[in-house]
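Listed next: structures, encoded as structure tokens.
Below, subunit A partners subunit B and then partners subunit C, in two separate complexes.
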Partner chain A sequence: MTSRRSLRTTVAAYIFLAPAILGLLFLTVLPIFGVAGISLTHWSGLEAPSWAGFDNFKTIFTSDMFFGPSVKATLFFAFGSVVFGTVYAFAVAMLLDQKVPARGLFRSIFFLPYIVPSIGTAVVWGWMYESNFGVFNYFLNLIGMDKVKWLGDDLTATPALVVMTIWGVGNFIVIFLAGLQGVPRTYLEAVEIDGGNAWHKFRHVTLPLMSPVIFFNVLMSVIANLQVFVPAYSITRGGPDNTTLYMVYLMFRESFQRNNFGLVAAYSLVFFTAVGALTALLFGFSKSWTFFEGE
Partner chain B sequence: MKVRKGLLISLLSLAVCAGFVSAQKTEITYMCWYNTTQSEAQSVQAIIDTFNNSQDKIHVTMIAVPRDGYETKVNTMAAGNQLPDCTQLSEAMAIQMAAAGVLAVVSDMYPKNAAPLKSLTFTYNGKAVGYSSGDEVLLLYYNKKLFDAAHLPYPPASADKAWTWNQFVEAAKKLTKDKNGKTPNDPGFDAKNIVTYGADFNRLWWMWPIVMYSNGGGLMSPDGKQLLIDKPESVEAMQKLADLYLKDQVSPSFADRSAMPSLDLTLLSNKVAMATSGQWEMGVSLNNSLKDGLDYGVGVLPKMKVAVTYNTGAPYGVFKSTKNKEAAMTFIRWYADEKNQWPQITGGILMPVMAKWYASEAAMREWADHPPRPPFAQYKTAVIDYAMHNAIQVPWYYFNGYQGFDDILSSGIESVWNGKMTAKAYIDSIMPQLQKYFDEHKAQ
Partner chain C sequence: MKTHNRSNIAVTAAVIVLGFLSVFPFLWMLRSSLMSNLEIYQYPPLMLPKTPRFDNYVYALTAFPFGRYLLNTLTITIPSVFGVLLTSTMAAYAFARLDFPGRKPLFALVIASMLMPGAATIIPIFKGWTLLGLSNGYIPLIVPAFLGGGAFNIFLCRQFLMTIPRDLDEAAIIDGAGNIRVLFQVLLPLIKPVLISIGLFTFILYWNDVLGPLIYISRNEQNTISQALANFRAGYGTDYKSIMAACCMAVAPVVGLYLVGQRYFIEGIVLSGMKS
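For the complex of A and B:
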């Protein structure tokens, strides 16, 4: 009787899990095998694929002239967006945690950029960065400074896009805010009683207790920013001089616009491995600095 | 009686079936793009409606796709075996699709004595796979008022009188003004605060290499079999083009130029005195500012050694997968006919593709002697004769994978335009990649 009930329970569980499992299987696992297969071919998408063995992988690591610059550009962008984005989101969350008038309004204002469609954001920021008529150069001119070719110069293109990305971190702000509000007041009061100041509260209570949230946000930010696409597609098209030729944009261009699906499948496998390794590294390192209450 | 009745019913049924079959039109699909808004496709739909209503054998359904995602859409449809019967193609796509075996040969689309100009034919393995929908050539546009104010003669409007590069640069220097009214020839010229640039020779990726051909070099030979880009003449031409900004100080930087508005506004606002661009500018941009007082002229490009310009024009193609090739070609032949595109031709956007429109002065006047084009005398020598006698094809007419070729060519090209690298150093640095790509894709 009991075993029949537990069998029914097990079957019911699998039935409810089936959509998720099937989705994962057909939309994630099988396509990865498909991509692995395509990576071993030369395929233009217009005719049948031909066997290439490991040629595409050899090309990536020897003669491909875009892979190296693309990896460099992507890492540079991701590093800037993750580090500065995390610091910015944390700082804003700390400010929004204070008891200030119209706190709710400020929280909404800082969250709004996150829900603006990314293409719209990119187009408008592109106009603002425009060197002849953009608003940033207008203000620089007003204070007597020279115009800057924000998106036309190798050195400023990616930092300009990083600033645009940081503007949109409303989701991380909200998550940090939730984490901050979960920090028990008793610990903060204990620091006060022991004669500590705001810095001691931050360093010895807030930061350690927030470390899991910081880790989560950093992890999400790394994964999202390594997959940057919209700014490259809608504003810079990989320029100037490939400094914004981010990986996912390169994959899109080489596959759908240059008909090189085999090579792009190889790119994506290499990229997938690299991001997986980076994620594993992050998890590994996190043990040394994240503190989970109850440990 | 029963037999007669049965025979009558059979005959009637047969007649109905035959009528039904003959009334059924051949259904074909035609894919095209719109540049900005879907409403642009309505003008195409109107032309297609005219075709559909003018005969009862073929019915065309339009598939309109945003220009930006066009290649992606075509590739996706190809992968899913869902290609339309016929299509508008970008120039860079045509030979690549032919090489992949996706485009049908269309050399039988026209009778031999009534075919489009040979210069407008996309060929693969010696066979025609597409004809340009219109003829376009690169020209030199200029602001007449700035020339009058500087007491300079207008740029020449015929190839036999084309300016040399030095003459072009000298004129540009006299027209370039900083905020204090000084030219690059004057001491104290402030290159950081130029108000009017004397010249902008378009550095758009597929346009600028014409200077290499003008200097006796080029990107590749016209048969697409030999790379010419590393010849000294080609390198010298590229450096001279970069020097318009770097040394001569008559051109905007590449980034500043990219940020400038359309040609009509650039000329009208005196930002630039001379600029090179395609014939289409007359219908697409320059006509918009005529009412605001734009007084422009058109001339031939300056030459280095040879007076030469590019011709181009996006082709129509028929996909091999079509089950109705004859119907698709019939439609394309009708659609491409100048009389069905007349507003675009008389409106200055396109030039005709069929030789008959260039065969006599009367024929030429019929489509060219209209605003927004400049006076016919100037247009005939600067544009028509130039296109007929001095134009060469952009390599995408015959080279498979021109876009990929340019990915390598343009990958770091801004360092040449900005002076960070010389043209020689840059071309030397990309030659191994370029040669490898060229050898993999060139005509066999």
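For the complex of A and C:
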């Protein structure tokens, strides 16, 4: 620990950091101001923007036909994907943590969907959900149920896309599995000696020790799933009945396809603030249930 | 003991069932890509084609020139991976090894930017590139990789550097090495595992990106694989055998890469989750 502060070191440090600082400036800080600025204008992107004051925000919260349904759809999708995705990933990791043959192979099998191009996932699942010839409806028929218009029905469209998303949580499975393998066996054995059962072991050893990992995964999952885009863009186009009109898809559609840049900047700002608030809330809430050893 | 065995059998059975469900979409894609459309549109569905039709791929290639899209995708992906590795390592080195005024707030800013939803700033960034006259082409997709390589990668690399004892760089400094030599000759070989992981995940990220190419690439012959697959699906609505063949081609390279770099994928993921 002999590193001394010196002018030379400082200069070197800022040279090494120059690309990252430029990135922070041009890809994060300035764009946030840019979004705020553009949100106060009417701008088709073709001619010069004209001053709009808070018109865009007024529109969003009063007369916008798409904003409300989009918020609802996005929250519904993100909530389902985060909650069920986390539970599923944790459950699979718990299973793989037992004495299972060919664990490495299974780990690969569960991980692979995570790195499949999201368009590929959408195309394949779109085909499996197809209502006349799709394989899912065939399975339904096999157990004596009627066909369902998975992606064409406003009740099932988002849940169907949630299931598709859960298929791709292999990264969380791998993270959970690594975490579980770090849970000391002696703690689990101590519970056994005290006469505890599997539930006690889970509730009083595994869960508290895993809580920081769970928090990390939930946080990453919330941020990723609120920004869902590909399924809406490539399969449902926001339909049926705007039930899959997820925010990023709406932003893409209204800006690059319909040239309402001012309005979309306002969407972006509201979205950015909401995600920030939600993240802060998660952090605040986490203090009450995550457990760090040594605290 | 007996209940133990029984529970192990139940666990194994559950893993096998879930594992099958997890590979099923891959199998269904492959199966559909080898059928005729006549077979595809049968109900109840056939589980396997009567004779696998590999010429579906040949046919799909006429409308879906995979080679060109592959080249386009690599044109974006390879420089980006290089940029991410270079600039995130440089930043990580400064944060892990150098003491300078402003280090703490700057690092906090990097961490905070990790939580920012990237989708919120698409428009001003797009307008910026338009102002520079560069909004149509590969440049807006590649250049950001050279600007720090993403907060997450800086963080990951810094965490890894922190675990390496300083004795090595100090010995090199005494021998007269500067920061560039310390980083690129002494430390780089030692952090190879994390660099390979970052490289692989960056590759996948750029390979799979949809929104970026959609915004910045408008000419069909410049399309990336993901983008081309999306267009192909939209344009060939019911020709599912060809769509599935194209889809297999788009997915295969990623699966191949995983099989080659399995260890680094898993290690990278574990690292990202555990170092938090």
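Here is the rule we use: the second predicted complex is superposed on the first by the 289 of 295 C-alpha atoms of A that agree within 3 Å, B and C clash if a C-alpha of one lies under 4 Å from a C-alpha of the other, contacts with A are read in each partner's own complex, and residues count from 1 in each chain.
In this text, a contact is a pair of C-beta atoms (placed from the backbone, for glycine too) under 8 Å apart; a residue touches a chain by one contact, two chains touch by 3 or more.
Since we're looking at a predicted model, the values are computed, not measured.
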item: Contacts of A:Trp167 with subunit B and subunit C, given as first, second, both or neither; value: second
item: First, second, both or neither for A:Ser63, with subunit B first and subunit C second; value: first
item: Touched partner set for A:Phe106, first subunit B, second subunit C, both or neither; value: second
item: Touching partner for A:Gly239 - first (subunit B), second (subunit C), both, neither; value: first
item: Subunit B versus subunit C as contact partner of A:Ile223, first or second or both or neither; value: second
item: Which of subunit B and subunit C A:Asp146 touches, first, second, both or neither; value: first
item: Subunit A residues touched by each partner, larger count belonging to subunit B or subunit C; value: C
item: Contacts of A:Leu155 with subunit B and subunit C, given as first, second, both or neither; value: neither
item: Contacts of A:Thr9 with subunit B and subunit C, given as first, second, both or neither; value: second
item: Which superposed partner A:Phe256 touches (first subunit B, second subunit C, both, neither); value: both
item: Subunit B and subunit C contact sites that coincide on subunit A, given as residue numbers; value: 45, 132-133, 255-256
item: Sites on subunit A touched by subunit B in the complex; value: 44-47, 63, 65-66, 69, 130-133, 146, 149, 152-153, 239-242, 255-260
item: Subunit A-touching residues of subunit B, taken from the complex the two chains share; value: 71-72, 75-76, 78-79, 96-97, 100-102, 192, 253-256, 258-260, 401, 403-404, 407-408, 411-415, 430, 433, 436
item: Touching residues on subunit C, where the partner in the complex is subunit A; value: 8, 11-12, 14-15, 18-19, 22-23, 25-26, 28-29, 32, 40-45, 87-88, 90-91, 93-95, 97-101, 103, 106, 109-110, 113, 115-125, 127-128, 144, 146-149, 154, 166, 170, 178-179, 183, 204, 207-208, 210-211, 214-215, 225-227, 229-230, 233-234, 240, 243-244, 247, 250-251, 254-255, 258, 262, 265-266, 269-270, 272-274, 276
item: Residue ranges of subunit A in contact with subunit C within the complex; value: 1-5, 9-10, 12-14, 16-17, 19-24, 26-28, 30-35, 37-38, 45, 92, 95-96, 98-101, 106-113, 115-121, 123-128, 132-133, 135, 138, 141, 167, 171, 174-175, 178-179, 182, 212-213, 216-217, 219, 223, 226-227, 229-230, 233-234, 247-248, 251-252, 255-256, 261, 264-265, 268-269, 271-272, 275-276, 279
